[in-house]
Amino acid sequence: MTDPFAPTPRDRFTFGLWTVGNPGADPFGSRVRPSISPVEIVQGLAKAGAYGVNLHDNDLVPFDASASERDRIVAEFQAALKDCGMKVPMATTNLFSHPVFRDGAFTASDPKVRAFALRKAKHAIELGVELGASTIVFWGGREGVESDAARDARDAIRWFRECLDYLGDWSQAQDYQLRFALEAKPNEPRGDIYLPTTGHMLHFIETLRNKDMCGVNPEVAHENMPGLSMVHAVAQAMEADKLFHIDLNAQRIGRYDQDLRFASEDLKGAFFLVRLLEGTGGYPRYEGMRHFDAHAYRTEDIDGVWDFARGCMRSYRILAEKAAAFDQDAEVQEILAANHADAEDIGALTAAYSTESDAALEALDLDPDALAARGHRYERLDQLAMEHIMGVRQG
Amino acid sequence: MTDPFAPTPRDRFTFGLWTVGNPGADPFGSRVRPSISPVEIVQGLAKAGAYGVNLHDNDLVPFDASASERDRIVAEFQAALKDCGMKVPMATTNLFSHPVFRDGAFTASDPKVRAFALRKAKHAIELGVELGASTIVFWGGREGVESDAARDARDAIRWFRECLDYLGDWSQAQDYQLRFALEAKPNEPRGDIYLPTTGHMLHFIETLRNKDMCGVNPEVAHENMPGLSMVHAVAQAMEADKLFHIDLNAQRIGRYDQDLRFASEDLKGAFFLVRLLEGTGGYPRYEGMRHFDAHAYRTEDIDGVWDFARGCMRSYRILAEKAAAFDQDAEVQEILAANHADAEDIGALTAAYSTESDAALEALDLDPDALAARGHRYERLDQLAMEHIMGVRQG
Amino acid sequence: MTDPFAPTPRDRFTFGLWTVGNPGADPFGSRVRPSISPVEIVQGLAKAGAYGVNLHDNDLVPFDASASERDRIVAEFQAALKDCGMKVPMATTNLFSHPVFRDGAFTASDPKVRAFALRKAKHAIELGVELGASTIVFWGGREGVESDAARDARDAIRWFRECLDYLGDWSQAQDYQLRFALEAKPNEPRGDIYLPTTGHMLHFIETLRNKDMCGVNPEVAHENMPGLSMVHAVAQAMEADKLFHIDLNAQRIGRYDQDLRFASEDLKGAFFLVRLLEGTGGYPRYEGMRHFDAHAYRTEDIDGVWDFARGCMRSYRILAEKAAAFDQDAEVQEILAANHADAEDIGALTAAYSTESDAALEALDLDPDALAARGHRYERLDQLAMEHIMGVRQG
Amino acid sequence: MTDPFAPTPRDRFTFGLWTVGNPGADPFGSRVRPSISPVEIVQGLAKAGAYGVNLHDNDLVPFDASASERDRIVAEFQAALKDCGMKVPMATTNLFSHPVFRDGAFTASDPKVRAFALRKAKHAIELGVELGASTIVFWGGREGVESDAARDARDAIRWFRECLDYLGDWSQAQDYQLRFALEAKPNEPRGDIYLPTTGHMLHFIETLRNKDMCGVNPEVAHENMPGLSMVHAVAQAMEADKLFHIDLNAQRIGRYDQDLRFASEDLKGAFFLVRLLEGTGGYPRYEGMRHFDAHAYRTEDIDGVWDFARGCMRSYRILAEKAAAFDQDAEVQEILAANHADAEDIGALTAAYSTESDAALEALDLDPDALAARGHRYERLDQLAMEHIMGVRQG
């Protein structure tokens, strides 16, 4: 019997080297799992059914590696990728682990640190290009402060922009065909990180010189930490053609960055997110990578790590099937149609101002009390969604 | 003896009719205070030292008022303004109280509700113009959902944009000299409100047809509810020349919308916000209104309402004085100078890409371990800020 | 065909008059639904399959009712209960709506307000007894402060205790066979409410004179508002034989009090809560009421209110079936057995100190590195729970 | 000139070895500071004016130390303590860092892990006794779950109780004169930690066999993470004579565990906390240790660490002075007196039930509308508190 939820290449499932490779250290305890080499990770992910693997420069090449070490490591890694039929769709730069970035990278007050960060990012992009990546993610983990006494946030934003403009210009000068995907996070490891949400990042992109090559990489956990809607953030990015990449995981609101197995918290949010990505209501499917940026609980050994990886993909597939069923449910369609009905084509009036439309708008016979009287049946509609999620809705 | 913290017209302190006029009802209890008429509010605010008063259309003119009633009310109000030397710098539209907006106004699924909302907004703008307002605030309190089953967020964003484009076009056709200030809020009264933060709103503005006339109206409570930094939100808006208005109050993170007296929570956040608005570090002062969007505790009678109003302004003045003293503190200046030092003009290298700058960047001798070794003295710097706030720092 | 999820009397589903009777007002908008009379609510709930109905005194009898009005209303209500075969298992006192309670009821600084509150609570208990209630809930909605300047919290806790001791003594003097169930909430409508969680309340109960007749009434929304685990709160109460009542609903963390339809948020939390209540792992089933303290979205008309009520009960039934299936899943049992194995009966050693057990403990051969090496398979176990919840786990 | 805010022995300021010794690692980056030896920490703290130093067993003695190494280390440490006149008032056990505790210590499902944890705790207590500690803190950092599928919380609570009962019995059998102080935390490093707040812990203590020797150790950050009031938690503990120790630091609500410099966030909360500890309103001063459980920002070098330590103590002293001034402010006293007035001695009526008091209660002439009309002047009172905090209130 075929597993209907087994991952396929069309699913575009990817994992970071740092995700299944996470050794389970946290602020209160040391690592609990042995290292898995990048080559083993590629093999394991291929076996589990993933499409590709992503990486920070230092996930593959140690910070202090010599040029020849680097080349040897990269060659080995490429051989494993080829053997396994795995892609590297995305690469990124670790601008947060080394103490040099303790006060930021692109927004560090010290211009030497900014220069070092910029140079490291360039070299990481070169590595990404060498591995075939077409998307470069920027997550500025240290771009923030514990105290606003340290720096004017406007200076920080300007320096951040200068670095991204520089890298965009440089990248185009090299004729790389790249897209930059910017990832926001509100806090941790800094007290407050600049450009804390996908919304702030989308605005920042509009101020960049190479804004067309820049989009966002929203992450479930990062939007959910402050309790914001990941679905709305992704929708806003999609509506603006700026969803360039996505980080899937799970998170409880108002906690440390948990990076839990996808859909293991807020199942309803995961359902509506998958529905958005898979295409619904006349909107096209998102064709980019479904990247899982998560890691196994610290209670797990290596077997548990692969349980975790399989669970991420499997839950996505399950929810995709449920989302399609929800859209095809006749009662769902009926409630939505009733709420969106526009028999008199009034939507056209409000869509654009003209003296004619305005006269027509003013002339409309609109009784607010009558309009207010109608119930929307959203309790029923939401219950239908929950019953699809729980698998008890019969077609 | 003159009170050094007494408000002056230069402070540009304004209050909404709905703030001091708030009668103290909440979801669990009825109103506790008698109504204060708009005329009495104008008189009271003038006496307390405010510069102006702002309003929603229905704060002044009841939803069901006839044209003649409206005109009578407006005339009385204008007379009071004139008598008291008070301005109406900002007006806005109540698109949330009447049941007709139970599923949204500009983003309601029902096109008739959108049409009604648009028409009401036009009339509220006309009222604002008549009263001399130059800023129109848009707070879409009902523009959201409890369940994402109800509507695709992309449709909602598109409808929101259509309405604002319409109003911008119409407003320019009337030759009104207006600026629109958009106010974000993440939730309450809806489960999730679209464009939930100042960042999302700044991005949305970039997608508007009349984007130059549109900016933001960040509110302390709305940014703090999800635990985001109001200081960074305002800094991002200022850096983009988009701070058109501001709503000052106080709020505990992760709670219902509290609208507390300015600076009565998160005193440090209030200090850095005032410092930003008053101008620091070579950046100019914000010249717009300091609007207090807050209300007295439900425990207060009318006397307590005026205690509340005076407290808002007084705390702002106190913090402004402290912010200036902090900037002039020699030890503060010394720590900041050490952290921002750029003896070799390396900041210029990272500021813009060119083949020359890039060669120079690659040639830089940068030792990450050496750069990492330096302590930043931010604990001391932040303690100095706290001691200025607490008034125990001697010059 | 019989609906396998239809409510039955054994389910002990109850609703408050104030839940389906909620007219949809909120801090930003007026009511949207007509009133439903208590009698109509009883009829509607009976039809929907509920076991009983609960009430605040003023849900049934207006604050200002005369004695004869009260008696007439109560008689009518009792007739309806009898007609419909409905019970009133719980009654409570509204100590929060009237302005007299603006600074608290049992913890008000003004001793006259405390006296008034105490007297009102007595009369509400008499009403409850008359209607057959065996549980009296106490939710101190106004028992808090916006500023700790107002009152020493120790005085407040003492006054709270005095009132409950009084009511317990009085109730026993009347020979009422009652249990008091205390309900905690962290904030809203006050800035901070005393005894903010079920844990604080459990401790407070231990300090009461009539502590045996007192237990807790945990509410999903109230525990989830600050992001605490409702499952752990209920487990702690059950372990101490103090779960006297429960309020079921749903809530997003860090928001205003939402009182959403049961299981419409945090489906996994709802699953584990139902599993706890229905009995699992050798622990007995909770035999008390499953009270839904929630209300329909403001978008709903009366039909939507009944959709809401049916949805609460239906989701509970669905989750109860899934919880049982999870417990019977062989792979689940295997993982749990492996993790809890105690072949050498070491659990007995740590269960109680004696010189013998202590010597044995010290003599045990325990290798921390070996113990640390084992993976727990919790990723798999949790995924199994999710697949049961999603209805895709085949037996 | 004497510094009025210099720490004195009477202040009972203590720091943990792990606080100033924190090397600045976090989940996203490696350590940034060199180790400071325990002896150097003792010397540094003595110089800074602290009264004592606290420790986890493994802060001083490595996990794998031999008996002779342990004895040598302890001897050296005791010599340094003696030289510096420093005390060790509190000791605790690290039951969270080693991988053996990955699924808990006292609540681990594996009974061997529970046995190992119990034995380690015993040995840590012996170390504490040797160093003169009279308080043993228990913080169960790993006592929780990521998924409630793993374990029934009631089992966990029972195992936790067994271990504490064991340690209490054993400790009394040794004739140690110790008090146990239990510390709660809601999450991090586990998804949910059992007994998540001071309230839950206070209740748990009531279920212990040796409950008289057990109290709580509330921590500002741990209560503030979920947005609860530290002031109310401490007040509840004090009212029950259960405040045995306290952990002072600062924290933003809804974030990772920040352990910031005391009073560097939520200055108002810190003010009211210090006021509680220093004694106010007729309640006695807390005579135990003021322990700072915090660490310097990762941006700091060793100098910054000592800036941090001095800042903690200095802010406490400053706030203590302000709290006393607030209590002596005539306007404050007047507002409080008006709100607490009880001319007719009605408080005595509600303090205890008797047939006589009950008859008197029922006979009282209480007009709720008249009682409701009074304003409480809490806006003014809170503003006075803020002005004392800001140092602008003139006596």
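As written, the chain order gives the labels A, B, C and D, with residue 1 at the start of each chain.
Rule of thumb we're sticking to: a residue touches a chain if its C-beta (ideal position, glycine included) is under 8 Å from a C-beta of that chain, and two chains touch if they have at least 3 such contacts.
Worth saying up front: this structure is predicted, and the values here are computed from it rather than measured.
Among the pairs B-C and A-C, the greater number of C-beta contacts is found at A-C. Look at where the CA atoms of subunit A average out and do the same for subunit C: the two points lie 37 Å apart. One simple way to say how far apart two chains are is to compare their mean CA positions; for subunit B and subunit C this gives 38 Å. For subunit B, the set of residues that touch two or more other chains comprises 32, 98-99, 102-103, 146-147, 150, 187, 226-227, 252-255, 264, 297, 299, 372-374, 376, 378, 382.
Taken as a contact graph, with one node per protein chain and an edge wherever two chains touch, the assembly is complete, since every chain touches every other chain. The touching residues of subunit D, counted against subunit A in their complex, run 24-32, 96-99, 101-103, 141-142, 146-147, 150, 187-189, 191, 225-227, 252-258, 260, 264, 297-299.
Residues of subunit D touching subunit B in their complex: 5, 32, 227, 252-255, 261, 263-268, 296-297, 299-305, 307-308, 310-311, 314-315, 318-319, 322, 372-380, 382-383, 386-387, 389-392. Every residue of subunit C that touches subunit D in the complex is listed here, in rising order: 98-100, 102-103, 109-116, 118-119, 145-155, 157-159, 162-163, 165-167, 169-170, 173, 186-187, 192, 194-207, 226-229, 231-233, 235-236, 238-240, 254, 272, 280-281, 283, 326, 332, 336, 339-342, 344, 346-347, 349-353, 355, 358, 361-362, 364, 366, 368-369, 371-374, 376, 378, 381-382, 384-385.
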